[in-house]
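Two complexes follow with chain A in common, the first pairing it with chain B and the second with chain C.
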Partner chain A sequence: MSLSYEGTIPSRPRYGQLTPRPGSGHLFVADGEGADAILALFAGPGAKGMLATTQIVYMPGPTGTDKSAELEKLGADIFFRAPDYSTAQPRLKRLFGSAHMGLQLYLTGTEGLIGQAQRDAIEAGLPHTAMQTEHRGSTVRRVQCVHCKGITENVRTDPFVCSHCGLNLFVRDHYSRRLAAFQGVNIDAEDPGQVPPQVERFA
Partner chain B sequence: MSAGAQRLDVTVAEVVDVNPLIKRFRFVRTGGGALPTFSGGSHIVVDMDDAGTRRLNPYSLMSDPGQTDSYMISVRRDDNGRGGSLYMHRSVRPGMQMQIGWPVNLFPSDLRAKKHLMIAGGIGITPFLAQMAQLDRIGGRFELHYAARNRTLGAYMDELQTRYGARVQTYLDEEGQAMDLKGLLTSQPFGTHLYVCGPKPMIGWVLDTARTLGWPEGALHSEEFLAPPVGQPFEVELARSGKTIRVGAAQSLLEALEAAGVDAPYLCRGGACGQCETDVCEADGTFEHNDHWLSDAEKASGRKIMPCVSRFRGARLVIDR
Partner chain C sequence: MGIEFNKETFRDDYTFKNSPAAVRRFPFPFPEDDYMYSVNMEPHVPGRKGSVFEHTFDVDEHYLAEMRDRELVLKSDPLRCQSLPHMTLAGWDLLELIMESKARDYPHWFELHKSGDRWTWINRPMEIEQSFTFLKDDTLPYGPLEYITRQTQGDFTLQDQRDNTLYIDAGTVTTQADWSLDFDVGMAFHEWHAPVPLAHNMGVFDRALKFLLKLQLGSPVRRFNWTMTVDPLLDTSPENYPKWGPSKTTLTMDTIGKRQHLRVELQTLHRLPRSNAIAFPIRAYLASFDDIVTMPKWGRRLHRVVRDVHPDLATYKGFIRNRDLMVQWLSQYDDGKPTSPGWWPEPE
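Right after this comes the complex of A and B.
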């Protein structure tokens, strides 16, 4: 699944491609197909020597992709598998709290994963431009309802029903770095019940 | 009119000899009252009337940003400079009325940082004095590493060590004390931002070392005010105002524009902020680009010039002013 940036707005995050960078250590945070980006980086030039100082925190993707076995075989200094981001989060926060400047951060996989890891790194004091990101896999979105503030994970359709307050929400490209979420706005506020058919926009 | 060009009327309240090279000046608002608030790292442009020659030099505010009853700057005498610092040292006396620009901050502390690591060389200490006072008040974590030739020239070293204790480390070149920069940069907690102010070679050394060690660009901050270099006099045609002006050997193009009554934008007057960027309409000759603003490609294109520090040699130059 690849993302298209066509016709979007400036606040919509954009992603690049992971490349090895010099540093005292390397922390990869990935979910699902993000594993492929890590494998590709280590298959390329300039990365072999990094393995001894590499740590990988990995979780399966929202569509169930789990490439733990392949990643573990890579031979990084530390490989850690978590069931999901909220389980991995305390470990990441502890890592950020004890790490030193020079540690390189590589985030890859779904936008929800990248955004949340980025938010936690920014909270740890890192500039938002400091981490490398590469989108891989599912395009499902993490969306915050602007009305009840509840966050719905893995949104596939547009519009969708808020999992907290039940409003019909239209998925915008407007993105909050602080929340690591896109914005969802009620679509039938004027004419309750007038909801356009749901379209599978994210897969 | 450009932001930094807004003037404040001030009176010199105090002039203090800090050491053989540095004098400290304190300004209060003429007629009383508070001066505008500022944040640590800000500078002001001091307007000097040096026997008919107008000089506008930027100096970092060193006083505590929490105190707006007066501003303090420190000026290092440069005997080979164009004369601004010599004027400040020789002619500025308590009671004198002067004009200064509003504070502008091109070197702010990034308050999202977990820790602020500051590296100062010589007179480059001044912006950090204000930053530390501000951070200390809000409970920010910081550490200063301050190098100077010797203790006499290490302005404020003793006061800083008394006030901030182990958060201030000093290095005296003449006593062979060298900073272990690599050790320093590899032991900083994740989320630290780095700030450096001092002589050009020092800034280059610190930033290059940090980059090699994997520090991200967004965590690196530096400030260096370039004094406009002296050079050959040259002529410039001004396309918009229809004038032709001559830039003297010890004058900058920006100063020549101002002397001709042409309103040209500026903030730093030191080649750093980008505010004075000017389009070149025609050029037959060689540019002497001295700024830190334009990219190498822009410098090579010959389509842009930064009048605060850059010069020209050749047959003809026409700029869009």
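Right after this comes the complex of A and C.
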């Protein structure tokens, strides 16, 4: 599944395609189908030699895709599988915090994973020029409720019910890198109770 | 001297009102009979005596009531004032700019006494006298941005300049036209403007940013923005949208003149000396439709603007559902006569 940026707004993140870059080390962070982007990169030219200085941190995707076995077989210096982003986060913060000049960061998988890892890497001071991103797999969204500030992960429908305060929210394309989240706004604020049917916009 | 401060509210019983003098000096934002986005910036130089441009920061009859309203908003939601860690110096820059301007322009209300870096600030209307050490954070009861914006009308944001763009990295935002500081803080110029329709493709934001990156110390600029607000509610935040959204559904021909307000933001941009940041005060003025039509030129013109404005703008500004009603009511005040250029009221 790939994203179309047609009709979206400038705060909505855009993603590229991972390519091998020279560096002192290579850190891949991926979930779900992001594994395919890593496998494709190492199947292509100019990447095999990187394996000895490559670390992969991987977690299954929100729809259950788990390609740990294939990634592990690649033979990277370090392969680590985490159940989800929140459990991987302390490890990643430690890695970002002690990164050496020249470390290349490759983020791939869902937008939620990419956004959160990017936020943590930038907070740790990694230059954005050393980061690449590639969206793969599910298009479910991480959404912040502008009213209660709670974040709902893996939003599939628009509108959806805030998992914290229970308001019916519509999903905007407005995106905050600091929160790594899209914005959700009460859809029946003006006409309480008039909530249109949920449509599956993200899968 | 001159002004009495109104006892009034911007919520609940909405006792806000403009005196006839406040209506006369209201910054009506339309120099012509139609409106579209543009790079509308001009030097922020002192304007006509008595106008809202007479001074760098306008203090008017709503001062104390607005400060009371800000206090209530910050009590209910402290996230309306945020400053990323690297923005404290810009906060001090802003504090200095405001204190020096107000002490110069309104000496009967504000005084600033300096002896070295020991400063004493007197704000008579708010009954504040504060001694502190300039640039020393722990000598004020709040951070410098929060301290001074609790005493100054209008929202304020502070933009850090780096990577050839501006980042909205601090602000006090309690009188906003439906945008969230908490969500936007940390964004770059084109990101926080992302939701605005049409203007990106018109090149408005590219040109505005290019201009701002070169903004010089001591040469502030200003521009207007406007929207529509039902009831004189300052805090039209997205956070509280479920509270104020329903007010849009209850307007009638009988109540619209009193309840529907034109909301005008006088926005100024100032380069700051130590931080090289840009301060962006967003000063909101409210006038009911009843107020507006006391000036025949404004009544005619507002009718034409609201009738003809691009539907994407009316939708973005949140008044599309009441546009027909507004036009119907305003048409009573449009006799079809030509209007003179410029926005001064010219009472007839």
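Just so we're on the same page, the second predicted complex is superposed on the first by the 199 of 203 C-alpha atoms of A that agree within 3 Å, B and C clash if a C-alpha of one lies under 4 Å from a C-alpha of the other, contacts with A are read in each partner's own complex, and residues count from 1 in each chain.
The working rule: contacts are C-beta pairs under 8 Å (C-beta built on N, C-alpha and C of every residue); 3 or more make two chains touch, one makes a residue touch a chain.
Keep in mind it's a predicted model, so treat the numbers as computed, not measured.
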- Item | Touched partner set for A:179, first chain B, second chain C, both or neither | second
- Applying the touch criterion given at the start, work out whether A:10 contacts chain B, chain C, both or neither, answering first, second, both or neither. second
- Task: Mind working out whether A:193 is in touch with chain B, chain C, both or neither, as first, second, both or neither?
- Result: neither
- Query: When the two structures are overlaid on chain A, which partner does A:129 contact: first (chain B), second (chain C), both, or neither?
  - Reply: first
- Examine A:102 and indicate which partner it touches, taking first as chain B and second as chain C; both and neither are also allowed. first
- Task: For A:23, select first, second, both or neither according to whether it touches chain B, chain C, the two together, or no partner.
- Result: first
- Thinking of the overlay built on chain A, is A:144 touched by chain B (first), by chain C (second), by both, or by neither? second
- Task: Over in the complex, which chain B residues touch chain A? Could you list them?
- Result: 110, 112-115, 185-194, 212-219
- Query: For chain A, which residues count as touching chain C in their complex?
  - Reply: 9-12, 144, 146-147, 149, 167, 172-179, 183, 185-186, 189-192
- Task: Using the touch definition up top, name the residues of chain C that touch chain A in the complex.
- Result: 79, 180, 182-187, 190-195, 200, 238-242, 245-246, 248-249, 321
- Touch list for chain A against partner chain B, complex: 21-24, 96-104, 122, 124-130
